[in-house]
Every structure is written in structure tokens, then in C-alpha cells.
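Each chain carries a letter (A, B, C and D) given by its place in the written order, and its residues are counted from 1.
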Amino acid sequence: MTTQAKPEEVSAGSGGTPFLSVRDLSVRFSTEDGVVRAVDNLSFDVAPGSTLGIVGESGSGKSVTNLAVLGLHNPDRTEISGSIKLDGQELVGAPNRELEKLRGKKMSMIFQDPLTALSPFHTIGKQIGETFRKHTGASKKEARDRAIEMLTRVGIPQPTSRVDDYPHQFSGGMRQRAMIAMSLVCDPKLVIADEPTTALDVTVQAQILDLLKDLQQEMGTAIILITHDLGVVARTAQDIMVMYAGRAVERGTVREVLKAPQHPYTWGLLSSMPSLTGDVNIPLKPVRGTPPSLINLPSGCPFNPRCDFREKVIGGGCTSERPPLSPATGHAAACHLNQAQRQDIFIDQIKPRLG
Amino acid sequence: MTTPTGATTDGNTSRPGSTSDLADNATTDAPGDPGFRGLSPGQLMWRRFLRDRTGVVSACVVLFFVAVAILAPLISMLYGKNPETHYGQEDVSLLTDSGLPTGPNGGMSGDFWFGLEPGLGRDVLTLLIYGIRTSLVIAVATSLLTTVIGVALGIAAGYLGGKTDYLIGRVIDVLMSFPSQIFLIATMPVVTSLLVSPNEKNPGWLPFVAVTLVLSLLGWMGLARILRGVSLSLREREFIEAAKVTGASPMRIIFKEILPNLWTPILVQSTLALPAFVTAEAGLSYLGVGVSEPTPDWGRMIADAANYLRTDVTFLLFPGLAMVVFVLAFNLLGDSVRDAFDPKTNR
Amino acid sequence: MLRFLVRRTLGALVILLIVSMVTYALFFAIPADPARLYCGKTCSPENLALIRHEMGFDKSWPVQYWNWLSTIFSGGTFNGVHCGAPCFGYSFDKKELVGGILADRFPTTLSLTVGSAVIFLIFGIGTGMLAAHKQGKAADKIASSLSLLASSMQIYVAGPLALWALCYSTDLLDLPTYIPFTKDPIGWAGGLLVPWIVLSLIWTANYTRMTRSSMVEQLSEDYVRTARAKGMSGSSVFMRYAWRGAMGTIVTVFGIDLGVLLGGAIITETTFSLHGLGQLAIQSFIDSDLSLLVGVTVVAATLIVFFNIIVDAAYALIDPRIRLA
Amino acid sequence: MSSRKTRLAAAILVAGALAVTTACSSGHSNSDGSKGGAGASKAPVKATSISVGTAEDSKGPAVAEPGAKKGGTVNMIDRDDFSHLDPAQIYMNYNAEVSLLFTRQLTGYKTAPDGTQKLVGDLATDTGTTTDGGKTWKFTLKDGVKWQDGSPITSADVKYSIERTYASFIKSGPTYVQTWISGADYRSAYEGPFGGKHLDAVQTPDDKTVVITFPEAHTDANFTLAMTGYGIVPKDHDTKEEYDKKPFSSGPYQITEHVTDRSLDLERNPNWDPATDPIRNAYPDKWHMSFGVQAQQSTERFMADNGDDKNTFSFHNQVHTTYIDQVKADEKLKSRTLEGLTPYVDYYYINNTRIKDQKVREALVKAFPHQQTRQLQGGTSYGDYATSYMSPTVLGYESYDAYGILKKPQGDPDAAKQLLTEANAVGTTIVYAYNNTPVQQKVTEAIRDALEKAGFKFVPKPLDAKTYYDAIGQVNNEYDLYWGGWGADWPTGYTSLQPVWDGRAIADGASNYAHLNDPEINSAIDAAVKIADPVEQGKAWAAIDKKLQDKAVSIPDVYQRSLSLYGSGLGGVKFDTLAGLQSPLNIYVK
């Protein structure tokens, strides 16, 4: 197995074209404090039936990116440029009516906290069936039957009676299952799962992830999994994109990125994560500092104030020049360190800590 | 007139303690306030407030009124008139036989900039600026008193729970069930007679104290209810549990742990209650149970002027306008304070 | 639900008991002799004693209160007028049974309140939703500032101004009067139009503000975003989700306001010379008409308490998370 | 005439706040229309001439109003519903005025076109005859006087009506006749007719004759019997307490509907014969009266003169103080403006038990700011400066200005200070009790200003409107000065002076608010009562009035006036000087 071959496959996709293709996406919010560059020149693809994990700290632009894909930003205060193509259809600048038809049908979203993300005023069945009716024009009866079917598929016991329950009558895990049922009710080709397990117990987390995986296999859905938990990604995704300050800093297959990470930020993320096989005597080492302001980004590499290795870059490019994500395909990282330096540092300093 | 029984007009009474939500903002779609990282909540609030132009303008207006109230004697000295002298009766050419100013527009002139009061012929401008004092003193005193009562009983009910909570809850229920207008009217003579016996001379503070007491009597329940809810939820929080485990006394928990977390609802509610008390005080004066002569008072001026609506709108113009501006500025300020504390409402 | 209603009704009865008792205590705490008011110009001590005795003022107030209370259940005969249970006493001033007077006055207050409530709910919620929909735009700013301005108005300023502008000087609209709806529906509406307009003007503002702020709050809720992510159209998100959430707040406040308004708005009714419960309240206070005063107070308190129960029940219907117990 | 309760209602907080017109706080106007400046003082008013009419004067029908025609509906708007309609319960002028339309007495007042008034027989053929100087009075009923059901009014009805005033449920009416017959504790002497017992002092030798015998002489008993309080009530239709809501008519109209506090509707009584009635011109077919209209609103409505308001008048609501200038300036309103002098006199009572030094009292009289206080209440339209205790409307009134009030109505602080210095009483504390209403608060400020300038120490004591009369009615009250008005029950000096100044009547709650107990005055009152000739008696009362002034027992302030408007569609609206109200007697729809 060569490490170089796989990314080719991914970016080319099984049918040759990716289902979702994002190019040079920028999302800016105008706020009272100034313009927030939440996403800056981001490009990525998702092939049909595959899972892309997007990883990053809070405020790195993961959620914003995906809300932009769904077109859920307030148009008055948000400026979106670049291109988002879903199954060949351009979404940036598409009329809201068009987007409404796609949302829930071709692409759907699973939110982090099912308690707040589900309407407390409507029954689970209604909320699931409503999506179905909207996109298929089914009758109420059909919608209800579909809801029961979906609940069955996501593993809710006694779905015929639980379909009339309200979200508050469900447990956390069941709610997330219902949420998944709702997002899959129209067999969408793309599901964006925004931290789907963060709010759940660890045991339930695994169940939900397994469920997602099963359903994906069953239905051939592409999934974008947003998380700050590399463990979740490792378990579920084929590809990873690590985001920092609105940009992708590293991209590749799960194997590539987790086994041979190239970006100091990724190293930091990995170092801060406990591992079962690691040496318990080595303390976890979180990324120092705090995420940068998206209004006043540090010049050069936005990660430079927190980077332990910037002295190693000759000419101090870290504070003056912003590194591009390279190479253009395959395992890529946006860092001034050259390939050799990256490998050395990882093997000498980082890997031992990871165990 | 309704007594301010809490911010019933605002939609967010149900979620008063949402400053704690601030931290979550970054993970949701809002970009959060990345520029404010590292600032204390107080500083955050202050900076957010300063950026709210309406808030700053209304704060300036409120400050202007306060300054006028404080500087009233100085202004009146410079202007050369005072609110006690019956100018219209000393100079008979100023008022007609039935007490209306002889001059047009309510007797406005170079001598009397805002005109003359019908009847006694006092100077409207000085009555107005001294009237701010009355309104402010009573509104502030009532706000303070209701806040103290509301905070004490609200926390007691919420934190102590059990029988205390039940008792306070029922007292609130009963007080809220009273038709407030008739209750205020009926209570006033009782309160007055409790303060001063019929054969004693009425001291100058009497109307202030009586009005403040009566307004406070029906004014504290809203705040108490809100604070009860907040402290009820705080009681279950980890840091309170922790304090209990470490053996802190209930008093210490209340003052050191709970109270600091209640400042937001307290401050927001009091700022919103203040203008409500200004109008309530004016309403009492309008009903004839408010502050009596010779203390200048806006409500009484408006009530008087309402009689002259058809004869000369000028009398209503100045106190009416002053009142609307004052209340408006205070309401806007209250909104801004709330927004600064709780940016989520995004008004 | 039934248990809730029973429990709350019992609680309400206790509250009413306390309210009536406090009214009694307050009445006798006022340093005035009510008997003197009925005594006429040549008030001999004998006459005064006779009146005191006949009106029961010669007994201590708890005894009088007890008598009043027992009359509710047992009925009584006053001045030759029989009053069957439930009997709320007899007004010595008006020489009528209190129950009858209250029944006579209530429709006026009801019409006044319901009519203006319909108007201010429609306009208040409508403009509030418009403002929330056009959040931050000109329409929002205009609606918001107008409503703030209107809510800073007082009925005693707006009332006479409206009478002057709409009736006295222009003869555009009818003077405020109450004609029973059953007698002449058009006259009923015409007679109450001016007070409705003025009341609505002031109250609309509150509801505009409230609707706007709770709609804005709801629109930022996660589940609203979920609905949009499901592909729900803007209008259905607005109505089915955000409005559904905002409704709870509005119903709560409306219920409380309705109770207060029905209990009688003294200034409103006096400004427009309408004979509702508010005017009755102040009149009975002036006349020291104890049984009537207690009657009005209890009716007003009943309405307030009743609408509180309705609000709580309605809230449970709106929000399934609330359980009644 | 105005009962405590009305006064109270007048003064009460809300009413006061909403600036209601009443006998004590309203605006009034000036019959000669002179619009003198604030400082101008007026010449004393001419006394109304009132006399006792003959049997000829007592014959019906009433003097026709020129241009009047029958028919139509007249509307009446007022602030309050009539508190009583049972004649025996009626003391208040307002209740009495409406009773003219459906209740008749033995005697009544007839107003000539020139405004002079005469006491005439109403049900009786004349004003009664007495042969023993006022102890025994004999009245003969007219032929053709009937109840609304057509049955004749008999002497038994008159007797029953007087007996009935003893009943325990009759509490608020006048008690003159009862006490004259049976003494102060009249209720224990006779319990009323319901137990089957009768009153021997009233005899009915036949169906037409009534003879009333008093133990003492009461020379003006025929005036007393003109009070609505002695109007007749039919035995067969007496519903006792309930009668107060819907009395049985003996006059030109009968009640069709009375909704308490809302409306009263009257229609013609077919059995009333105008030929028997010298007083009432019953022109309209119907009356529609509605209540709850504040003075301000009624003024607005009369000025606007829209729709049904064209055919509307008001018994009691006057032009609201704030509209006086506007109403007077409006030429178009002149033809429907009504002005007149009421029987009420405003006094500021000096508490004679607390201020015993006559010089101090004189200083108070001298210092008092009549002009300022009057200006606050409507100026010349509120009333004329009073110098006497008797109203100019009372028989025998004489003008007498002992302290030069008319020259210096704004008060004379220098003269007052001089008097205080002489009495060595500069800095005397005056506790001024007042009814805590918006207008009275302002009046207090004016008084404070004047008294402090004169060298008094002024202590204002606001009293709640509900407690005001109770508080000042206490014999041992701790106030020095307080407002209170008085109006005569009938236009002779007796009811004008005796209740207020007879020292033997001092008691808690009695009307001798000044607590004056002067033997000289007391004996003069006793003497005056016994004078048979009304004119001579009037002179005696005027002499007492002068004595009271010389002793500076209190401060007379103004003789109250009335200024009112009515709709343009009405004619014959006149001012009733005896009641101080608009009279319904000659009103017709144009």
C-alpha cells in the first residue's frame, strides 16, 4: 500500500467527479468590531459515499464552512465568495428557493446538541415527516409512516409510539438518533454532521458513530464530519482536513494525517489527545496560546504565535509570508517547514509522545 | 398606570442569566467576540455598551436630566426665577381673572421662558427642573427599595426553598392578584396616617416617603420572581455545591457565590423599572394621591395641564415632552444595558 | 389537567379570601367614618348610631368580614331585598344587590377590553413580526421607535387629546358610550371606537416590542436553524417555528394584561366616562361603599387569578415541556 | 342643601384630579358679564327679591315661556346619578331639582319672568294659613290633583308622607318638621306609620284639609314644607327602601326606566293636570338623563354642540374652570350661556376655641387673599367677594363690609401685621386644614403666601378628602382655619345662620364648625325666630349677620356663582337661584 496513491483516488472520486466541490471559499461577517474572516480561501472535495472529517479548534471556521454549504448564513451580514458545487450545481449566489429545495433533500445537517436543535414544540414524528412532505409532497399519513420507518432504522425501540413523543421525552442518545433520522429521511447524498457526538456520553458516542457508518454504507451518503476530536475522525472518516483560522492547514487521508502529520498544529492536536497505547508518564501537551482573532490575523502564518518551530524556518518566513497548502493534491500541509524538517521533527519530537 | 411588576413587556424574562452563554458563542455560528478575549465580563459589557450609539445617547440624556436635577438651584439662580414665587399673583397683569396667563402660548416670554403656570402663576421652567428632582428621588428610592426587597425575598425563596419559598411565593401571588390602581389609592391614606397622626404637622418628607412606600409595596414582586428562578438554578450548580461541601455558611454562599451571579438581572431589571416608577409616580399624582403642593412634580403638572388641553396646549407641552423624553431615554438605556449584558437578544 | 385545575382553583380561592380580607382591613384602616357619609347634613348622634348599626359598622371588622363571608353561602335579606346565595352583599349607597351591580357593569369593561385587545393584538403582533422579519432594516427601525414613543405616552394625555381630535372639534367619531352588543352591534362598536383606538395605541406598542424581541430571540434558536437546514421555507420557519416559540411569552403577558384590564382601568374609564368596573371601584371607594368595594376588588382579583390559571394551562398546551401538576 | 356626601364626592381625589365641577371647586360666571381685571372688585350684589305669594299666585297653569312649544325629548347629562329619589330622603339640591318633574309638595317656588320668586301653594291652594303666630298651620288641597294612576291626592296622603319621614330607613332627608313636632329624639317618640300608629300633630278633618300643629311657633314652616323632603308619597305604592329607586309620580312626568348610575328616563304622566300647577311648564314629551359625564367633558360637548347634544342641558355640571375664558370670549356661546348666583357662601372658618383674641381673628380677616384664592377657582365666575355670612339670595340680606374686603380683596398684610403687633401676637401659628385636592393644594399655597406676609406662622395640614369633614367637625380639633361652605335650606335667615352660629349646637360633627358660642348671638337667634313678619325677621337676621362680622368670628370668602352652557336646540333653560342649578321647569325643544 503506497501512501501516495490514496489521495489521488479520493480527489478524483469514484465517478471521477466529487459530489461536493468547494473552491476558494471565503466567508466574511461584518460586525461592529470589524470584518471577521471566518473562512479564507478554502478548497476541498467530498466524493460520493466517503467521509471527510474536518478538525479544528473552536472558531477555526469548520462550522461556518458547512453552514455556508447549506446557505444558512444571514445574507445581510455575510459575504460569501468562491464556489460551492453540489453535484455540479453552483450554490454560491443561488436563490434561496433553490437552496431550500436542496436542503434536507440532497444535503442535510446533523447538529451538535439535539436538545436545542430539535423544536420542543413539535413531536419527533412531525419534525421528521415534515422534511419528507416538503421534499416529496407526501401525505401526512405517508410522512408519518416514513418517520416510523426512519426511527426504526436508527434503532429507536417502539417507534410507532415514540413517533408521537416530544424531544424532551427522549434521552440524549435517542434524540441524536432522531436527529439523524430526520436528516436522512429524504436519502440525501451529503450529510454534514456538526459535532454530532460532543454532547453525548462516551458509550452513546460510539453507538451514534456506528449508526452513522452503517447508514452511510446502506445508503451511500457522503458525510462531512465536523469535530474537534481526532479519535472520532479516526474511527469514522476516510479523509481529514485540519482547519486553523479559517484555512485548511493540513489535508490527507486519515492514515496519512494521523500517522504522519506534517503541520505543527496537527502535531499539537495529536499531542493533546490521550492515547491508550501511549506512555502514561508523558504528560499531555496542549497547543499553547489561544486561537487568534479572526479580525486581526497575525501576519504571515496565522499559527506562528503558537508555533514552537518557527525558528527553524530560514529567513523567518513564518511572520511575513503565508504558507500555501501544498502540494495541490494528496497529503498536503500549509507550513514553511520543508518536507524533511517536518519528517524529522515529527519522528524525533512528536511521535515519542504519541506512543 | 400600571406598577412595574417586572419586565413583563420584554420577551426574555425567562432567560435572565444568559451571560453564561457567552462562552458558547464561539462554537456556534456566531464568530463570537474574538477581539475581547481576556477581558472581564464587566469590561466586556462596558465596551459593548460604549459601542451602542443609542445607549450612549440615551445615557447622555439621562445624565443631562440628572445634572439638571442636581444643579436646579444654580440654574434657577442664574435664570433669576424660583418655583415658589407666585409671579402671576404678585403682578396682576400676568394672569387673567380666571387665572390663565394673559400672554400668548401659556405666557411664554423673555421673563418666563416656558411660560407661567395657570392659577398661581409660578414659573414653568423652574417648576420643571425642580420637578425632575421629585421624580428622580422617588423613582430612584423606589427602585432601590424594591430591589432590596426583591433581591432579599427572591434569593431567600430561591436559595432556601421549602417553606420559605412557598410562603414568599404565595405572598407574591396575593399581591399580584390585587387590582393595583384601586389598591394604590386605598393604601395611600392608610400609609399617610400610619406615618403621621392626623393632628400632627405634616413634615416635608412625608409625601416622598409615603409615595415611595406605596409604590414599593406593589413593585417588588417581578424582580423577586426572576431572582427566585435564577437562584433556584444556581443552587444546583457545581460551584455552589462545592462551596457547601467546603463548609461555607449560607450567608457566605448567598453573598459571595449567588449574589455576584445575579448582578445582571438585578441591574437590567432596575434600569427598566426606574422609568416605570417615574410614570407610576406621575400616575399617582394624576389620581390625586401623589406628591402634593408646593413640591414641584411632573405628574401633577401634567394632570393640571390635561385640563387646559383645549385652552392652551402649551401647558402640556413642556412637562409632557420632558416626561416622554425622560422615560424614553431611560427605557432605551435599559434596553442597551440589557443588550450589553446579554448580546444574544440582539435587539 | 384536571388535577391542575382543581389544585389551582383551590389556591385561587385562598388568594381571593386573603384579598377580600385585606380589603376589609384596609377599609377600616382608613381614618374615616363611613357611617357619616350616609348621614346627611343634619347628622344627629342618634341617626349616626342608627346608620352604623344598620350597616353593621358597629361591629369589629373581623366580625363584619365573617358576616360578609357567610352571606356569600347563606344569602340574606337587605332592606327587604332578598339575596340568594351566592350573595355578595348589598350596596347601601346604590340600594341594589352588589351582584347585580357588578353584572351590570362588567359587560362595559369586557367590551372595552376585548375590543381593544383584539386591535392591539393584531397590530402589535403584526408590526412586531414585521419588525422581526425586517430586522435591522428601515421598517424595523420605524416600527420599533414608533412603538417606544407610543409606549411612553400616558392614557391621561392621549385620552383627552383623542377625544378632542376625534370627537369635540371634528365630530368624526361617536362620543364614548356603552350600548349592549345584543341591542345594537354597530352602535356598540361605534360607541367604543375612540377608547379602543386610544387603548390600542398605547398597548400595541408593548406588544410590538415584545413580539419583536421574542421573535428575534426565537429566530436565533438552534431549532429554527435546524428547520432551515431541513429546507423549510422562510415563511414556514417564521410561523411554525419562531412564532410557535414566541407565542408562549406573548400569551403569558397577554393573560396577565387581560386580567388587569378586565379588573378595571380606573383612569381609562374615567377619561372616557364609561361605567365599567374601574369606575365602580373608585366610586365605591369614594362613597365608602364597603360591600361594593369588596365586590369589585374580589371580581377584579378573580379575573386576574383566573387568567393566571388560563395562562399556565395555555402555556402547557403551547409548550409540551411544561407539565401541569 | 348639599349633603356631606356630595361635598365629599366633589372634593375627592379622583374627581378632583379630573377637575370636576362642583359647588365648591368649580368655575362660575358673572351675571353682569363684566370682565374686570383680576384686581377689580365688584359692587355688592343685589339681593334676590323673594316673597310669599297669594292664593291667586298659586293657581295653575304656570306662566308660559314665550315661544315655547310642546313635544320632543330633552337630554340631561351630569356627573352623578341622583343619590335619592324618595322625597323623604332628599336634602340635596341636585336630587330636589329633578324631583320637581315628578314630586309635588304642599308649597313650592314660582319664578316670574323677571326673575323674582314667590312661595306659592303647589298641592295646596295657597301657602298655608296660621292663626296663632306659626304654631298651627292649615293647608287646603287643590281640586284635580292626581297620582300617576289617576287616583286623587288626598289629605291622608299628605299626612302619611309626613308620618313616613319618621321611619328608620329615612336617614338623609331634612328633619325640621319631625323635630319641631316631636323634639330632637323624634324617632323614639314615634316610629312611623308602618306599625299602624299615627301622628296626632297632623290632622285631616276632611279629604282636602291638612292641619299641622307644632308645640312652638315656626313662622316660616310654609317655606320648610316647600322642601322636596316633604314631598308626597302614596301609601298604596310605598315600597319603603325601594321607593328611593322609582318613586310614584304626582308631577307632570313619570319614571319609565332608571338604571343606577347610568340613565333615568321620564315620560309624560297623563294624569297630571297643568291647571292645578302654578310652577311646572311641562313642554317636552320625554326626558333622557345620563350620568358619569365630567364637567370637562360636558363643557366640551356643549361647546361642540353636536347631534343629540343640541337638545341637552345639565342640572349641575358647570363650565369647567379652565374653559371659562374661552366660553366668555365666544360670542356664539353667549346665547346659551347661563349665569347666576347660588345660595352657597364660602367661609374660611376660624376655630374660635383656639383663637380667642379678636384682634388676631381680625388680622386673619384682613390678611386673607380673597382675590388669589378666587382666581385659582375661576375668578369672577367662581363668585363675588363675600362680606357677610348670609347669602344675597336670602330674605333680608344687607351688604356690610366691616373690614374693607371689597377695597382690598387681595388682602392687606400691613393692616394685619399692625393688628398682630397690637395684640402682641406676631408669629402666631395658624394650622390650616384643607382637603387634599389639586385645587385646594394651590389655594393653600396662596393662603400661605398671604398669611406669612402678614406675620403669621403658617402650618398647612392636608386632610384626606374622606376624612376632611370628620376632622374639622370635631369639637376639639387642632386646626385654626379651614374651609367650609354653607347654603340655606330655604331662603330665610334661619337656615342660613342658626345651624352654623348657634353656640348651643356645638357638637362633634355638627355644622357649627367655628365653634362659636357667644351668648349675645345665641339670644339674638332666639329672638329672631319668634318674629312673625318675614320682612322684620329678615332685618333681625341681617343684624345678627353684622354682629358676627364685627366679632370677626370667621372669614366669609365668596358668594358662589354658577356658569353653565346648554345645547342650541333648547329654549327656556333657566337658572334656579334657590338651588343654584339649571331649572327644568321651562325647558322646551325648539
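By definition in this document, a residue touches a chain if its C-beta (ideal position, glycine included) is under 8 Å from a C-beta of that chain, and two chains touch if they have at least 3 such contacts.
Just so we're on the same page, UniProt names per chain: A = Peptide ABC transporter ATP-binding protein; B, C = ABC transporter permease; D = ABC transporter.
No experiment lies behind these values; they were computed from the predicted model shown.
Colleague: Indicate, using Cα centroids, the chain positioned nearest the centre of all protein chains shown.
Modeller: C
Colleague: Sort the other chains by how far their Cα centres are from that of subunit B (ABC transporter permease) and give me the top one.
Modeller: A
Colleague: Taking each chain's centre as the mean position of its Cα atoms, how many Å separate subunit B (ABC transporter permease) from subunit C (ABC transporter permease)?
Modeller: It comes to 24 Å between the two C-alpha centres.
Colleague: Averaging over Cα atoms per chain, report the distance between subunit C (ABC transporter permease) and subunit D (ABC transporter) in Å.
Modeller: Spacing between the chain centres: roughly 40 Å.
Colleague: Distance between subunit A and subunit D (ABC transporter) based on Cα centroids, please, to the nearest Å.
Modeller: 92
Colleague: On a C-alpha centroid basis, what's the spacing between subunit A and subunit C (ABC transporter permease), in Å?
Modeller: The answer is 55 Å.
Colleague: Send over the residues of subunit B (ABC transporter permease) in touch with two or more other chains.
Modeller: Expected reply: 28-29, 185, 189, 193, 198, 286-287, 303, 310.
Colleague: Provide the list of subunit A residues touching at least two other chains, using ranges where the numbers run on.
Modeller: 72
Colleague: Multi-chain contacts in subunit C (ABC transporter permease): which residues touch at least two other chains?
Modeller: 30-32, 160, 164, 168, 222, 225, 266, 282
Colleague: Provide the residue numbers of subunit B (ABC transporter permease) that touch subunit D (ABC transporter) in the complex, in ascending order.
Modeller: Against subunit D (ABC transporter), subunit B (ABC transporter permease) makes touches at 86, 89, 92-93, 95-100, 118-120, 185, 189, 192-193, 198-199, 201-202, 286-289, 292-294, 300, 303-304, 307-308, 310-311.
Colleague: Please output the residues of subunit A touching subunit C (ABC transporter permease) within their complex, sorted ascending.
Modeller: Where subunit A meets subunit C (ABC transporter permease), its residues are 70, 72, 76, 96-97, 100-105, 108-109, 111, 113, 116-122, 130-131, 134-135, 166, 168, 182-183.
Colleague: What part of subunit D (ABC transporter) is in contact with subunit C (ABC transporter permease) in the complex they form?
Modeller: 1-5, 8-9, 12-15, 18, 83, 91, 168-169, 171-175, 184-185, 187, 240-242, 244-245, 259-262, 292-294, 296-297, 300-301, 303-304, 306-307, 464-467, 469-470, 499, 507-511
Colleague: For the complex, give me every residue of subunit B (ABC transporter permease) touching subunit C (ABC transporter permease).
Modeller: For this pair, the touching residues of subunit B (ABC transporter permease) are 1-2, 8-14, 28-29, 170, 173-174, 176-182, 185-187, 189-190, 193, 198, 279, 282-283, 286-287, 302-303, 306, 309-310, 316, 320, 323-324, 327-328, 331-332, 344-347.
Colleague: Enumerate the contact residues on subunit D (ABC transporter) facing subunit B (ABC transporter permease) in the complex.
Modeller: 12-14, 16-17, 19, 27, 35-40, 296, 300, 320-326, 369, 372, 375-376, 378-382, 410, 431, 436-438, 441-442, 444-446, 448-449, 459-464, 466-467, 471, 477-478
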